[in-house]
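Heads up, there are several structures right after this.
Next come two complexes, and both contain subunit A; in the first it sits with subunit B, in the second with subunit C.
And now, the complex of A and B:
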């Protein structure tokens, strides 16, 4: 075998091992499942209340309205592949089995990406399903309590069938979720421990980003806001592709710093 | 074969290893002895590529550990505890370790049976007792059928049966031509199994060689240990 093939086989084996770790760690499966269920539920509620209010939301409209609510799940799925190593003494078994840490970082990132893509795709599908079911249920139920209505009435037709343009925004929402998760993975590479990585990433996407967003237009350069341009209304400065690039640049810078730290440091534990 | 040459490690202002040199030969069980905090684990962590030395080299089968692409086929190691995540089962833990090396899954069940864990294969690591966790750590060390075994305090938490079992296993490994390096802070643990001794105190090697030569002039291994490590304390 040529040296390139030897490395490719090594990377493939290490990635298979990392995927095996994720599959057999209950927290990963539970978090992914909870994210999918939460996405479907929130979308159903949002669609139902929109229809009850007399609107005819599109599936993509509902998904983009609620997609931020599942960021926390993606952050946890992104953080766990690295952070679970530091809970106890597993990290030294990992380093002893794969002393070539560059291969290890690459394999961990690939495995995290697989988990994130599955979770994001599942969540967006559940959201579309939730939107359709929620709006259909609201449409066939009498819309009690709508302001100004004295008699019950049958609400509008419910969520429409997904159009081509909608598909683009739905894919954008899925890629957004993957980018948020990959950012969390990069932060975990840098900080290693579960709690600091979670606090940093959740603090950014749930607190710092909304806060700065209301204060300055420069908040568009934050990774989650840039990634959100994949589905959000047009920004005067950045297009959807630019937003994805800005978010990817963040991931690369944070991830590379984490990778370098992992390559050069002593193993804890 | 393990070669440690001039190994130095500093943590802040403290020198934890001061030009440590010794070898562990094939066909021999080498006991690495010293009080707690003397530098045993620091040496083994550098040997296994977990930590970086500030000077010197540690080689297994002629190369530094980090150069080995599939190290578990050359060196099996166990530092204290199972080295596994508490929410995974014993078998799932060994399976991911096996996958890193392309080791067939059936080998996992073989080593589980070998260390007496066949019954506990589906138990989560967090529910294993201290001694059972040690056995799982040993199973991971044996997984790649390595020539060299490096074990840090392997009998911690084992019952008398377990201690005898591990001694027999290490003896058999060395008799079959393998290299065994085991660390301990308890003399009684190694008296019956070691061929060679390396004694470390305060980060320096104070004695090394065949058991009978190192202990010559002392009534027992224990006396030798206390005399060798105490003289170091006094010299400080």
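And now, the complex of A and C:
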């Protein structure tokens, strides 16, 4: 085999090993499941409150309204694998088994990407389901706390047919979630430890980004705000594709720094 | 507090304070909160000065230096969560396998067998550190905003209101940190409380969403206390500031009581 083929085989096997680690790490599976369940629940709540308030929400509208709520779950799925491995002596074992660290970083990222894509797709599907169920329940049940207000405002299953444009926004929401998760993975590669990586990413995505967004228009260059253009294309400067590119650039820069750290530093440090 | 164990509460609190201030995560959280709040306040003040210079001030009320300083308050709540969580989760973190892989909590409880005393000392220290951070952060914000704006902004907020609102924010942060501490005692790890409480303290708060479905959600600790912030993040509906503060304090006390019971009864 040529050297390139050897590397490819090596990468494939290492990715398989990393995927097997992810599959057997209970925290990752639990977090992914909790994210999917939380997505469905939040969407159902939002849809039912919208219907009770007299609106007739579409599935894509509900999803884009609540997609930010599950960012925390994606961040955790992104951070956990790397942080868990660095916490004990597992990293040293891994380095002994896969001495080519560049291959290891690539394999870890691929494996994380697979987990994130599955979680994001499942969450968006659960959100659509939650939106449909929530609207239906709110439409048939009397409104909360307002006796006698029983007139159904929801137009029935036909109202939630997802149009082509809505499908695009739903896919955009899923890609947004994957980008947030991959960013968390990159931060974890750089910081290695669970609490710093978790607090940095959550703080950036959930606290700093909304605060900066209300203060300055330049906040559009932040990774999560750029990625959010995929489902809310309302920026005068960046389009959805530009936003995805900006977010990907963030991931690449942070991830490359983390990869260099993993390549060049001592296994314990 | 626990004569049997022979450890005075004062010594316990001193030990916990020493542990807390030498914890890198605590230092990072305090520094991050103060510097981050000051940075956000500076950004906001520069924006406000630009708007004033462009003559846009006629369109709306002139923001006071205090209001500008206040916009960074949500950052402090996240910092408080980190402080409350790591004060406890650091006890449960396993050290390196080369050093035996032990957890600090075993050493702590050997030195101070009175577990309620340990929790009380931790709560006291967390409250102290968070309240200090709050005063530092809001003071820094205020200073930055005043420096940037100079005489441009009208000082619309009187001393009494300023002191009350600073105390309100400090109280909210402190109670948030104590809730985080109590939840971390229950989970014996920092991940879950960090994710839940940081996410819930942000603008995409589950309690806020729940409040759209049922008005009972206004009595959850974070929403009940929201009015302590005053101004920007106040949500319509729910109890007023004083009632809310009591409700949040009651939640905190209840959670700490449960945490104390669990810590005292459960295997460490």
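Throughout what follows, the second predicted complex is superposed on the first by the 251 of 269 C-alpha atoms of A that agree within 3 Å, B and C clash if a C-alpha of one lies under 4 Å from a C-alpha of the other, contacts with A are read in each partner's own complex, and residues count from 1 in each chain.
What we mean here is this: a residue touches a chain if its C-beta (ideal position, glycine included) is under 8 Å from a C-beta of that chain, and two chains touch if they have at least 3 such contacts.
Quick caveat, the model's predicted, so the values are computed rather than measured.
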Quiz item: Should the superposition on subunit A be reported as showing a clash between subunit B and subunit C, or a fit?
Solution: fit
Exercise. In the overlay, answer first, second, both or neither for which of subunit B and subunit C A:233 touches.
Key: neither
Practice problem: Figure out whether A:215 sits in contact with subunit B (first) or subunit C (second), or with both, or with neither. | Solution: second
Quiz item: Where does A:89 make contact in the superposed view: on subunit B (first), on subunit C (second), on both, or on neither?
Solution: both
Quiz item: Looking at the overlay, what does A:48 touch: subunit B (first), subunit C (second), both, or neither?
Solution: second
Quiz item: Is A:26 contacted by the first partner subunit B, the second partner subunit C, both or neither?
Solution: first
Quiz item: Is A:4 contacted by the first partner subunit B, the second partner subunit C, both or neither?
Solution: neither
Quiz item: Which value, in Å, gives the least CA distance between subunit B and subunit C in the superposed three-chain arrangement?
Solution: 7
Practice problem: Identify the overlap between the subunit B-contacting and the subunit C-contacting residues of subunit A. | Solution: 27, 87-89
Practice problem: Quick one: which bits of subunit A touch subunit B in the complex? Just the residue numbers, please. | Solution: 6, 9-10, 13-14, 16-18, 20-21, 24-27, 84-85, 87-90, 92-93, 95-100, 264, 266-267
Practice problem: Sort out for me which residues of subunit A touch subunit C in the complex. | Solution: 27, 42, 45-46, 48-49, 52-53, 66, 68-69, 71-73, 75-76, 87-89, 144-145, 194-196, 198-199, 202-203, 206-208, 210-212, 214-216, 268
Exercise. Please give the residue numbers of subunit C that touch subunit A in the complex, ascending.
Key: 25, 28-29, 32, 36, 40, 43-44, 47, 71-72, 74-75, 78, 82, 86, 89, 94, 96-98, 101, 190-191, 194-196, 198-199, 201-204, 206, 209-210, 212-215
Practice problem: Give every residue of subunit B touching subunit A within the complex, in rising order. | Solution: 45, 48-52, 65-72, 77, 79-89, 92, 95-97, 99-102, 140
